[in-house]
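As written, the chain order gives the labels A, B, C, D and E, with residue 1 at the start of each chain.
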Amino acid sequence: MQVTEYKPLIVAFCCNWCSYAGADLAGNNRLSYPADVKIIRVPCSCRVNPMFILRAFQRGADGVILCGCHPGDCHYTTGNYYTRRRMALLFSMLDYLGIERERTRVEWVSAAEGAKFAATMNDFVAQVAALGENKRLEDLRCKK
Amino acid sequence: MQRIGVFVCHCGTNIAGTVDVKAVAAALKNEPGVVFSTDYQYMCSQAGQDMIKEAIAEHHLGGIVICSCSPRMHEATFRKTAAAAGLNPYMVEIANIREQCSWVHKDMAVGTEKAIILGKAAVAKVNLNTPLTPGQSPVTKRALVIGGGIAGIQTALDIAEAGFPVDIVETKPTIGGKMAQLDKTFPTLDCAACILTPKMVDAGQHENIRIFSYSEVTAVKGFVGNFDVTIKRKARYVKEDVCTGCGLCTEKCPQKKVPNEFNLGMDNRRAIYIPFAQAVPKVATIDPDYCMMLKSGKCGVCSKVCTAGAIDYKAKDEYIEEKYGAIVVATGFNPISMEKFDEYAYSQSKDVITSLEFERLTNAAGPTQGKLLRPSDGEHPHTIVFVQCVGSRCEACSEKGKEYCSKICCMYTAKHAMLTRDKYPDTDVYVFYIDVRTPGKNFDEFYRRAVEEYGVHYIKGMVGKVSPEGKKLHVQASDLLAGKQLHIDADLVVLAAAIEPDRSARPLATMLTASMDTNDFFTEAHPKLRPVESPTAGVFLSGACQGPKDIPETVSQAGAAAAKVIGLLCKDHLTGNPCVAHADEMMCNGCSTCERVCPYGAITYVEKEFRMPDRTTKLRRVASVNEAVCQGCGACTVACMSGAMDLRGFMNRQIQAEVDAICK
Amino acid sequence: MTDMKEPLIPVVGVVTDIRIDTPDVKTFRVVTPEGKKAFAHKPGQCAMLSVPGVGEAMFSITSSPTNQEYMEFSIKKCGCVTEWLHAMEVGQEITIRGPLGNSFPVDTAFAGHDMLFIAGGIGLAPLRSVINYCRHYRDRYGKIDIVYGSRTKQDLVDYHEIIDEWAKDEGVNVYLTIDREQPEWEGHVGFVPNYVKELGFSTDKIAVLCGPPIMIKFTLAGLMELGFDKTQVYTTMELRMKCGIGKCGRCNIGSKYVCKDGPVFRCDQLDELPDEY
Amino acid sequence: MRKIAVSRMEELFAAIAAGQSLYLPVDTKAGAKFEQWESGKQLSSALNTVRSAKDFFFPQTENLMDFRMEGKKIEIIDTRRESEDFVLFGVRACDVRSFTVLDRVFLAEPVDTYYKNRREHGLIMSMSCTRPAETCFCGTFGIDAAEPEGDVVCHMTADTLYLDAKTEKGSALLESLSALTEACGGEDETAVERHKELSHERLSGLPLAELSADRFGADKTDAFFNDPAWKTLSEACLGCGTCTFVCPTCQCYDIQDFDTGHGVKRFRCWDSCMYSDFTKMSAGQPRLTQLERFRQRFMHKLVYYPTNNDGLFSCVGCGRCLSKCPIQMNIVKVMKQLGGKQND
Amino acid sequence: MQEITREALLSRAAELFRDGTVDRALGWRAGEFDYDVTPGVFTSAEELENGFVWNDFCGANFSKYLIRETGLTEKKVLVFLKPCDTYSFNQLLTEHRFARDKVYAVGVPCAGMADVKLLRDRFDGVTSVEGAEGGVLVHTLYDGDVTLPQAELLPDRCRNCKSKKHVAYDELLGSDGEVLDSHRFDEVEQLERMTPDERFAFWQNELSRCIRCNACRDVCPACTCEKCVFDNPASGAANKAPSSSFEEQMFHIIRAFHVAGRCTDCGECSRVCPQHIPLHLLNRKFIRDIDRFYGEYQAGAEVGSRAPIVDYTEGDIEPGEAVEGGARHA
């Protein structure tokens, strides 16, 4: 990965049961990923309101990633199925508005997939870094 | 705003090695609401916890933030600490600066900066926390066991022995399940009936056990501690409380050509029948598909011969409703259908049988009174071929069988082979196998005895084809070790059919909102730590409905499930998880959207009268969350357009505050 | 109205003292960072206090204009801003903007008259400045009667000041009442409007009323029964406000802006306004 | 009075824009809109802009100040920068009058310095109307669309633009443009008079020309406040802010704080008395239903404002609400209903 | 011209008032001109006779008014519903926003409703519009009298009408139509074919005009929240003014998201926007995606249907694929 000065700010919403545990496992195994990723714990990926995602961009995030249990493995049985539909529609709408599709992602990471978690974050950070700063969903008032 | 205390843990060098903990504590000191901030070697140690308690008291803290390891590790610990200091345990937030910071970042500056941000997010969240008190719900002290096999019987007996009433619902006319059909059990070779029937009798006579045989569960509502279950008692046309089980009717019934399912159709029974001599309850049942009286109104023999007057042709299905505190699923298994396995000629020859059919053939109470005779001609078979893994351990894409190992086949095949050789030393017994799996107490010894003492021919290899040729069955197989094709002319071929969950399990899972895996086995709440609980609170798993099991395993799981049930029923009240959804009634539109996404059916609607600002009253439809049922996933909060639905502990404003803190 | 060069831009105020009056009322003392009083004011005037990021809200200045050192605000917890203010600690800075609104005609209409102050609950806050003003210039006014009531003894704001200072003044009579019997209470029990009627004041005085709308309504009716004329009765109003200078458009009742033309109204003036408050 | 050929307008604009920012109505996909002039931008031929010109003095959102907080300390930062002079060209008579209406609010003591600052830096070049629309009724409020107010009044005939300075500021501007413009003679005066006559003729023939505001005005609260017609008039009102926001004289605003994460911005923004939360308090709501809110808006324009401002109405008859209201309710309908037969 | 005459509507309404079925009727009141009719509540047959108007400008969707009016009466509310209105009507019933038995719905066929904006774009001073031989006769102040074909007065929502079929009514006047095969997604697809930069530029230009008057929201029959998140200071999303381009984006994205699966594509949002922002293109994008990803779904086609956004299948498209598909599909 090319090292650039620019450090993207990534907000990662992780469901408590799979992905947050996956992130913990990545930690246990000392699998590193960029510190640009900041994790917010939610009970289930379906707790993530599109408003949270937009707000993250407003406040200066350059990329937002949602991680949940694999479809079918949701702790709450169906939560991530709803996440999948909501985010499919939301992301498609953002794309329609001309906002870079690479800034958002949904990834299913189980509690056992520490390596996948780290790899996903490495990949996502690189992807967002390549785009540069978020300009299309920014709120100028929040810029320093 | 709260008065917040921040406690930064070194975790030895685990955190302090990559994060400047003093800098973190200093940076967080300036955050809004923070009145105290410190760091310590091990926050989770007794000394660390005491430090937190003292700080809570000394600084009148209303909320605390612990910057430490994952909340999955010590959230419970620190909540207890807070509670011990008189602080509501839900006023605690944890910033995960170990697993998600110090352990994944190497640079001290980078790690410290991130730890500060994570700490700020936790402070921002705790500023909006509100004290939460878990709700309480009463517990109905009665358990329901669905399935009356050995798993169900054992669970029921254990619960009943602990003093709680328990009901068994069994679809068949008698309890006993698959074990009742078995002859001997491995590896001790004791007689299945000898050990099972006393338990059946115990269950039938126990003052705390009610048996609803010939019955099904048709609806389940409610939640842990408070299930409302509807049970359909199928019409058996015999009054259960009147029938003495004398069996006269079953001898006099003129309809003699009913395939006997207990013997897997290898012989016949009457239209009125008692499945087997030791049935519990020992009452007759009329099979409406065959009874002439029920079908055409002509006959009535049983009614005439019944001195007790137990026959009732006008009986109807009955539905009873009962409340339960806990439900145990023990729906068991069935061998898979052999229809798709044409290569073994199961449908072409009566002498190709499944292992369960073999059990019946060797059982003294079976169609041949325990004599091993060929189904086709009743002759004694001299060459017997056992085929293992029929339908088990199939390729992932195979449509025919199952991917999983059925687990019990190796042992019962060894048992069958050994018993055959023991009783009929003149028989040649071949066993074709992929692997022989014998992990269990005395299992491998058992298998080795079959090979070494009893001279069973174990051949590693698969049977390619079985073709009936005259009276013989031509078996084509490969011997992988010898590297050659084998041709055996067998008299009997026994297929170790894979086992699968009972068909009734899938609709039941839906009713219980319990989850299943792709093979329709029930999923456990945790594969290692909570193996007998389903993810749905109050629903427990016993026996093969959760995965293939032999009898000892089933019985131990049954006991474990019973222990869990007893633990639940011992409580007068259940304490819920307070992080549940909650609807702001003034904002709720009553649109039902949230209800549609709730996986637990926790949301209902009520028409409520509201005082409007103009002092009129208005009847409005608003959502109401059953906090005992809600598990707190939050699906409803996003479905709700007006934002009336929020999730305690993870409120919109809290998550937004975290986002803000991270992005600032 | 006092001349304000920048009416929308506040100054910084430091909270130097917080007094807990009742379970939901606290009194905050505010000075500028230099330790001075932020601005001069007249009795009955208000100021906008704000916590940046939380919001701005209008409060009547509780301390007397004669106090040259600081201002005090007695604030009841009932919303976002007040909740934040209640969570504050001494030393916290806030912003303060004012003085806003008109004032009681202490030097004109009130001068030389007997005064009757009637307050309920937190309604004492706006009256405290005028009461203390009248006490300060004691010789300018006649007899002063103060009727004050609250739900319970604990809900009486400024209880100690009332008992220890006001009640001991010459020519000042204090009548306290609470809504319901309470073990440690030996005084009058009953609602303010009834108490006023029971006390039966003579009509040769000016009455000043402040309290919850329902109390004002019944007390006013009671005063009418006693023979008071509406021109003798003053009260203060409260509506949602943003600018405080009569421009943002929300606090008007008919053509009058409560923030600019009020908050003090004579009751006969209120009658001329449309019924929309 | 000065004049310049219409064909040389670009030069005129360039000359004005050389000294200060120049804003004028230009055509966009969504109707005419005031935009900063730059080379190539054409003056719109539309009668009026979709949004009024009040934005220039009272923008929809405006940062009032910033706060920086650290620990218990607060720092207040006045974020205003020195305003630059600007010229508004092509403002119609109705909109020019709206500035007077706004002035009476914002320049009354205590003066709104944000507004005053902009007002002092702005110069109005108004434009007389020759093609008033069917929705126009400025005459009802004593506005002469043929003779607008303003620093410089412009009349545009087929080939000539006449510029008439009415204030010192206006004269100074024309002075600076004297190289480009020509002095006017007697026939020019005649041409302008003819132009006004045409305009008057057309104005008097408008469908709403007869509408009268005489029944309304100062101190008429009691006459209209409890009129039962408010119910019918307001029943379809959606409670949106369209009328308020397109109105050149509506000046209600809200002050809000926005936490940027590294400070707080206090800004003011347009608000609408039609919104249900406009007057809502934690303790209660004086205007409970849309009826009260609807009534407030029109009573304010027709009665309250005149009461406080020497009889001046705070409607200028621009007709924007007539064409923009989602349910086609507007002040004309209100005046006719309340004014009874007089206005029929 | 509409198939059903004013007289037919009036006489039916009069009967319903007379027999006591209804005690109020939602209808249109005359304005100053032919085209500025205002929705209103009529409480007697006489009132209708005097003030009721029915012409090509009676486009407003009454469904939303039913929420309030059904709460004010013991009897029923009479409402005239055009085909597109019936979808909103059903959707509101699905969401339990009013009681079906409090409404007497009369289906009225619709030949498309005229939009005076289209005339104003072409002529200055439109003073009257009347039906005439071969279309409509428009009187103007400066452009004389012009005769136009009816079709030139139709706004997008009528030109791309999705259905002439009523999906709800108690009785139907005239004949019912069919669900139409409209081209309503053409514009959406055109946008999808643009590059992201072009799309961004397009929407920036459109949304930057937003003045946050909330007309789109307040007229929308799907936006019936007791309190909108954008008005609720406690929601954390409240905002009142377009003080940055972000807030315009936020408002319109979230509003479209909140009505996704519930929007019947009635087109009221675009009709009322004073700034001519093509807001229906946002809603149609969601409709288009829902159809494409989860199978065709028409909100309001039947009462009680489950919107795809509150449903799922195990094999649903992944968000990443959905975005890819968005641009690829034509």
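Throughout what follows, contacts are C-beta pairs under 8 Å (C-beta built on N, C-alpha and C of every residue); 3 or more make two chains touch, one makes a residue touch a chain.
Being a predicted model, the structure only gives us computed values, none of them experimental.
Visitor: Pick the pair with more C-beta contacts: A-D or A-E?
Guide: Counting C-beta pairs in contact, A-E comes out ahead.
Visitor: By mean C-alpha position, what chain is farthest away from chain B?
Guide: Greatest centre separation from chain B goes to chain D.
Visitor: Would you kindly say which chain has the C-alpha centre located farthest from the C-alpha centre of chain A?
Guide: Between chain A and every other chain, the largest centroid distance is to C.
Visitor: Return the distance between the CA-based centres of chain C and chain E, expressed in whole Å.
Guide: So the centre of chain C lies 51 Å away from the centre of chain E.
Visitor: Just how far, in Å, is the C-alpha centre of chain C from the one of chain B?
Guide: 68
Visitor: Distance between chain A and chain B based on Cα centroids, please, to the nearest Å.
Guide: Taking the average C-alpha coordinate of chain A and of chain B, the gap between them is 34 Å.
Visitor: Check each residue of chain D and list the ones that touch at least two other chains.
Guide: Within chain D, residues 254, 256, 258-262, 271 contact more than one other chain.
Visitor: In chain B, what residues contact two or more other chains?
Guide: In chain B, 597, 639, 652, 656, 660, 663-664 touch at least two other chains.
Visitor: Would you pick out the residues of chain C that each touch at least 2 other chains?
Guide: Answer for chain C, listing residues that touch two or more other chains: there are none.
Visitor: Going by the contact rule at the top, pick out the chain B residues touching chain D in the complex.
Guide: Spelled out, the residues of chain B in touch with chain D are 30, 613-614, 660, 663-664.
Visitor: Okay, in this complex, where on chain D does chain A touch?
Guide: 258, 260-262, 265
Visitor: Quick check on the complex: what are the chain E residues that touch chain A?
Guide: For chain E paired with chain A, touching residues are 188, 191-192, 196-204, 229, 236-237, 243-247, 249-250, 253-254, 256-257, 260, 282, 285-286, 289-290, 293-294, 308-314, 316-323, 325-327.
Visitor: Per the contact definition, I'd like the list of chain B residues that touch chain A in the complex.
Guide: 70-73, 96, 98-101, 103-107, 110-111, 113-114, 117-118, 121, 513, 515, 518, 535, 579, 597, 599, 631-635, 637-639, 647, 650, 652, 655-656, 658-660, 662-664
Visitor: Using the touch definition from the top, list the residues of chain B that touch chain E in their complex.
Guide: Going by the criterion above, the answer is residues 586-593, 596-597, 605, 618, 621, 639, 641-644, 652-653, 656.
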